[in-house]
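All chains are identified by letter, namely A, B, C and D, in their written order; residue positions are counted from 1 within each chain.
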Amino acid sequence: MYIRQEDKPREECGIAGICGQAEAANLVYLMLYALQHRGQEGAGIITSNELGFNAVRGTGLVADVFDENKLATLFGSVAIGHVRYSTTGPSTEKNAQPLMVEYSRGNLALAHNGNLVNAEKIRNTLVQEGSIFQTSADSEVLIHLLARSREKEFLEALSTSLLQMEGAYSVLLMNDDTLIAIRDPYGFRPLALGKVGEAYVVASETCAFDLVGAEYVRDVEPGEILLINKKGLRSHRFAPKPKRQAHCIFEYIYFSRPDSLIFGHSCWEARRRLGRMLAQENENPADIVIPVPDSGVCTAIGFSQEADIPFEMALIRNHYIGRTFIEPSQSIRDFGVKLKFNVVKEAVKGKRVIVIDDSLVRGTTARKIIKMIRQAGAKEIHMRLSSPPVKYPCFYGMDFPTRKELIAATHSQEEIAKYLRVDSVAYLSHEGMLKAMVEDENNFCCACFNGDYPVDFNERHEKSAREIVSKEMDQQRIS
Amino acid sequence: MYIRQEDKPREECGIAGICGQAEAANLVYLMLYALQHRGQEGAGIITSNELGFNAVRGTGLVADVFDENKLATLFGSVAIGHVRYSTTGPSTEKNAQPLMVEYSRGNLALAHNGNLVNAEKIRNTLVQEGSIFQTSADSEVLIHLLARSREKEFLEALSTSLLQMEGAYSVLLMNDDTLIAIRDPYGFRPLALGKVGEAYVVASETCAFDLVGAEYVRDVEPGEILLINKKGLRSHRFAPKPKRQAHCIFEYIYFSRPDSLIFGHSCWEARRRLGRMLAQENENPADIVIPVPDSGVCTAIGFSQEADIPFEMALIRNHYIGRTFIEPSQSIRDFGVKLKFNVVKEAVKGKRVIVIDDSLVRGTTARKIIKMIRQAGAKEIHMRLSSPPVKYPCFYGMDFPTRKELIAATHSQEEIAKYLRVDSVAYLSHEGMLKAMVEDENNFCCACFNGDYPVDFNERHEKSAREIVSKEMDQQRIS
Amino acid sequence: MYIRQEDKPREECGIAGICGQAEAANLVYLMLYALQHRGQEGAGIITSNELGFNAVRGTGLVADVFDENKLATLFGSVAIGHVRYSTTGPSTEKNAQPLMVEYSRGNLALAHNGNLVNAEKIRNTLVQEGSIFQTSADSEVLIHLLARSREKEFLEALSTSLLQMEGAYSVLLMNDDTLIAIRDPYGFRPLALGKVGEAYVVASETCAFDLVGAEYVRDVEPGEILLINKKGLRSHRFAPKPKRQAHCIFEYIYFSRPDSLIFGHSCWEARRRLGRMLAQENENPADIVIPVPDSGVCTAIGFSQEADIPFEMALIRNHYIGRTFIEPSQSIRDFGVKLKFNVVKEAVKGKRVIVIDDSLVRGTTARKIIKMIRQAGAKEIHMRLSSPPVKYPCFYGMDFPTRKELIAATHSQEEIAKYLRVDSVAYLSHEGMLKAMVEDENNFCCACFNGDYPVDFNERHEKSAREIVSKEMDQQRIS
Amino acid sequence: MYIRQEDKPREECGIAGICGQAEAANLVYLMLYALQHRGQEGAGIITSNELGFNAVRGTGLVADVFDENKLATLFGSVAIGHVRYSTTGPSTEKNAQPLMVEYSRGNLALAHNGNLVNAEKIRNTLVQEGSIFQTSADSEVLIHLLARSREKEFLEALSTSLLQMEGAYSVLLMNDDTLIAIRDPYGFRPLALGKVGEAYVVASETCAFDLVGAEYVRDVEPGEILLINKKGLRSHRFAPKPKRQAHCIFEYIYFSRPDSLIFGHSCWEARRRLGRMLAQENENPADIVIPVPDSGVCTAIGFSQEADIPFEMALIRNHYIGRTFIEPSQSIRDFGVKLKFNVVKEAVKGKRVIVIDDSLVRGTTARKIIKMIRQAGAKEIHMRLSSPPVKYPCFYGMDFPTRKELIAATHSQEEIAKYLRVDSVAYLSHEGMLKAMVEDENNFCCACFNGDYPVDFNERHEKSAREIVSKEMDQQRIS
């Protein structure tokens, strides 16, 4: 749940900000640490004081990017930060966030979680008019729209600019003395508001608040601009409520930490209910239920309780990761998986085992885990997934493989079971998934499951971008 | 279970070796990685090839000490390795293991897990006779005894030397082409033999075998010398079986990874039985059972199943540890604990909670965890420990605080409950603990619980040594 | 001459580029190493291949910024690079060069040496029109002018843009497949063209060519745009020759390496002639002539030969610099200077010594060197400078202190002698300096000596910028 | 002179110590920095305080081995330090100095410069008697002799032990509160005594004193033991003065820094006289005299003055060394030499050039330098060496190649000239070298020139050791 696996969808980032705290940088640093599971390949913090902005950005884990000396250069009582999954390849360095620019209204910094579907289009128009782009980040278009806006008032300019952007965006902006938090009208990505002492904090998940001792206040609302400075909090709606909202249901299923509130609701509870629902739909006799850690743990507990089959931690996770390990040249079979997991043989030997995972993307890792469990002597292995089959790519911020590579998009359930070499595989039904949620089912984006995309997009553009990235990665591998 | 906490007994090390594998260093490196929980402050590997020994030793985690370039310098098909908890202070650098010397029989390297009780005495005698000690490691006496032995045959010399050593030692030696594995006659510390392809491997725990694809063969026996070289395996007994053995029962309770076989038995099973036994002894109505991760997980599951109280993972662990974090100067309350754990509020709110941990040493961390659970809204909190009160220091390799600091040595159960601010605290009984074991109860050392030390020792010596260490650490803190 | 001292003017950078070489990045890396004396606090390289740009930029020495792995990511056969003195403070990170943007004509990278005098003015206009600035680098205005130009042809757009820029600029641009080298119409800063195999190279100094085995072809001409791609070399004039040129005479006096050709002439010869001229103007009886290494060596040899006074290397330089050294808390007197220099006592004891340096800025380091020579037993010390008094700040790329801090701007020669505690101090005359040059005297910018600024500027703007920087630095010191 | 070249003899180390200074470690650190030219591949410092010894040792330059945090762990007012050339290969790590042991008299640390000729013999005997060696360093035998001595008094034990050691040794010992400085009876290697405030310092060269502001007092005498502690200085002779002393004349020729006193005399003066003598012996018409920097500079100045031929710095040295540089795969011709030197073409073009170097070992680097000078257009090139031909290996601490590889041992002067492609080559005569010295000619060891070894040795042993080392290095290269 809070250590990412390779064979899982990857989200682009986590964001955090604070206004009105003498140690702004230190608190954002800790919040990023708590949000580390949302992005393990890069991190950055920008602060603002009277003399301007101060930035530290780099690649790697939060603990690798920052040290005491670097944090000490981040003067100022306003700060925003960002953790991300870098798309490897040529673009790595230049896409470091938060972004930082100087424009007609002064200095501006930006941290962004999500994905626009018309970024390319806006970008092309702007470039034709003389704009210069320094990154390939979607969010840079917001800055340019803002810079070109003829509205005199900042808030007007911002609102007008936002209305041109389509897709998913939870954004933090910072100018000289103000922290600005924004969520797109559909509210695809989470963004929560909290308070620590007199200072307001904003973060992708509330687990970031817990670490710094902040209280959760409420979510930044879809279509809301929140301006936070010394004078306090000011709320402004830039868009009317759309008929439906589109909270990413995958946040509950996999992304968020179970100890977070997401879209105002407990992720932990959601997962337990997903597990219970999965058990109701799949009455299969078995001796034990085991989770694929860490993401399957809560769900498996719910399943176990509902199905009344004992829960066991039979897959042990190795925790010293985020570091490079050298593989012997006489390759150890399934080395990558073994580095991460070990099976407790005594727990599974001779048993009928239900393995709980949240979802299958390519299925490659699951296949290796199943093999390890089989070799440890399990009699039967039944794979249960706490979400429906993932069949469609996401254009709102999750980094899924292309459709071709999504195992459920191209294979039947039987084929998948055969590929995984399990005795059976079963997914949670779409209805079951929605029933497990507290919120109204119309509030969710389930596009990756049912292809119902709340916001239209030009697939051709997105596709070509995706292909370039994968070409780049191939080149990396070859060279 | 496999990430150490501060407020827990600390063991001095894990050891691993291999003979007859072209990539000896790489495999030992991976085995040390699997044994990382036995020592996170230092690591080293020495290999042997025709031209001599090659060594890489350093401070920090395995992944920090070794990199591709360093591993590439470790030529040879025989290798031994070591992970350790360094006692901080002046002695840090010089105690890097494995040790490596040149003596009358050529080159010798040594890696050691355990603690001798007569090291000081032997050492004094040797020094008077002109021996030079380069480390303060107990195990260096073995090398000197060996060097001074007048026995012509190596095996004779080794046996005679070992018979002079009293206390706990699982030792790996390496000379030009032979790996030698030894366990003291009481078998305090574990040491297992495995096989991968044609090569033999030896390691403190079998989880190291799993990572490199080795099969467990058997334990190195108490009082046994195993010589492994190209010609194969040769066993030699240097001591008769003593009336009783003295397997460290704390290996089952806390030290070992649950996926390891310890003294030939499953650690995972032992913990589940400890949990069950604890439930039988303590019938307390409650809504949920939660473990202190990672060490309490298996036990809590056993407890939950026996007591039929739902198991929940309500304490979430942060996994990006083993790195330094900067604390804000306006201190966050209980910062250290928050960095490691977060409570799932929804899981404990309004509930009667049983918290399962393996043991209490000082109780300081437990107290902070309890406080977090209380603040999250738990109605009642009952602390249950899966071992009896720890009342006596260990002289066989575990780094407990002095008696004065052991909370159970100086406080009644009621006082402890009051200190922890729990509604009740209860320990597993001594009988319960032994009943949960598969082995005969006479096979265990339970000295830290009952003060029954299997091998005599001169407490005065040990004490003074301990005091010096703590003085050193004080000095560190001050400066 | 090739290790910078603290108490010297600092130039902003060195630049190098190549087109048409499979190992473009590696060669630029080596050229930057040869240009290291022009900037020791930051370095960067950007390359171009079919898939886009690749960048590595960082702080520190060239050898610290790049390693084998990083260079291996710099695909492409076109590359430009940059070394710089960072102005410490908040702006450090964002001013990393080369810059890299995407605009209406595609990708563009830029590396710049020099200083514009109307950057602020252009910038303000552009920002009002909606442009966004990411750095505080002067050169970013060129990119914006280019992006906003309505000229269809790139060359036209570039020419028009350049004509709006006033001041000193030697610039390298790179788009997908073309390297573009530009020098301002006055030719303030050097820029040389060379050839290695079939590939063209461009660099601030020719010493960069020597290291990679390239031949010097000619200088990029003032007012010239050179376009280099697969089709070869194309030259274009964007500005008519002005009545006078304005080669920075300080390049000969101090900045450049003596083994470089600067503005087409040997720096080594220029320095020797400066030394000879200085000797002609100052006939002072003495026993030995000693240089302040490294910058005074060539000059002192010329002086020694002309004055027929023996040359001695009595100041020994410590070469392991560019690293941090820890100063004892019971401060060693004049620690910083001692770390760099030691006096050969036997060489100066009882002697009348002439010390040759190129220039005095604040005079603080010279004072400490004089003190060391005095303590070593020199009978008389006569300071001779191979340039006239530095009295005016530079607005074309040299980072002099403000006028107030220039010792010669505020003190008489006698006062300077008294401050330095020398028996006499003498400067080379303005006429003598010009006579020592091969080029026509009208070709030089000598503004720092005589206040005759070839290109007008708005001092107020520049001043305020300067003050902000120094405020930032003060803040750094305080915190 | 103070940056080592590859194709030069290499000495094993430099040593420094201090007693009675609160910041002992910091001062030794700075002294090691000043002695960096005596060993660039490893460094270490050990300090002593009441609680024991504290050590920091590592590979690389002084600035790389130590940082503020590491120095802060070196408590105590007594300290010794060491810089060394590591013989690469398996033995690297274990030979880190200073050594540190515990023996019958307590703690002892040792730093050593030189080479024993009977180390192997003593070692074999000791090992037979049960001694254990942890390093392959010669000096470890001293510790063992000391540990085994039956003399009750430390000074007696030390004297008796030293008398068994044959060869070259300047040694620093440290026990709890005393710094002990020793020089062998022949005084092969330098060792100077100084004073800073109330504290005594000892170092291989006096340039170390200059950096920390210490005054030179006198040399530690051959055959003298100096004991320094709170009570002051105590001198003891352990050996009578031998008929002759044996100061290494190569210290004057190449090793030491010119600003050092060596054996009580100025190295700078010695080099200038060597240059003058060389000029007297070789009257060759020429236009300029140029040194190979840095070691040839002083000598070339002396030569220039005597021969009345202008001195020029026509070889420019690159100073950012001690770091790794990446060579392009399409190899640049003579890359290694070009990284270090560049020729000032204007200085040598059309000229008859005399190139001054101190000595030729293999001649490989000189050959490449000559080639560069030739390509720069020199009309004639005459190589002059300020020492006689090096024909014999050194067994007293200099790391020469084997005889087979010494170009002068196997080639005539004409052959050497042909190999180097110079118009002529000439060496300083043996008589000329001795005449240039201030000391009596009987005080020198000139064995590398004339094969007259002051102390006998068993060549077979030494040879085999040497061969093993070179085998190791071959293995390194292959792998």
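The rule is short, and it goes like this: contacts are C-beta pairs under 8 Å (C-beta built on N, C-alpha and C of every residue); 3 or more make two chains touch, one makes a residue touch a chain.
As the structure is a prediction and not an experimental result, all values here were calculated from the model.
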{"item": "Labels of chains that are neighbours to chain A and to chain C", "value": "none"}
{"item": "Furthest chain, CA centroid comparison against chain A", "value": "D"}
{"item": "Whole-Å separation of chain centres (CA-atom averages), chain B against chain C", "value": "59"}
{"item": "Chain centre separation in whole Å, for chain D relative to chain C (CA means)", "value": "37"}
{"item": "Whole-Å separation of chain centres (CA-atom averages), chain B against chain D", "value": "47"}
{"item": "For chain C, residues that touch 2 or more chains besides their own", "value": "none"}
{"item": "Contacting chain pairs - touch in the sense defined above", "value": "A-B, A-C, B-D, C-D"}
{"item": "Complex contact set, residues of chain B against chain D", "value": "49, 51-57, 72-73, 75, 89-91, 93-94, 99-104, 127-134, 136, 143-144, 147-149, 468, 471-472, 475, 479"}
{"item": "List of chain A residues in touch with chain B within their complex", "value": "1-3, 22-23, 26-27, 29-30, 33-34, 36, 61-64, 66-68, 71, 207, 210-213, 257-259, 266, 268-269, 294, 297-298, 301, 304-305, 310-313, 316, 318-330, 332-333, 338-339, 342-347"}
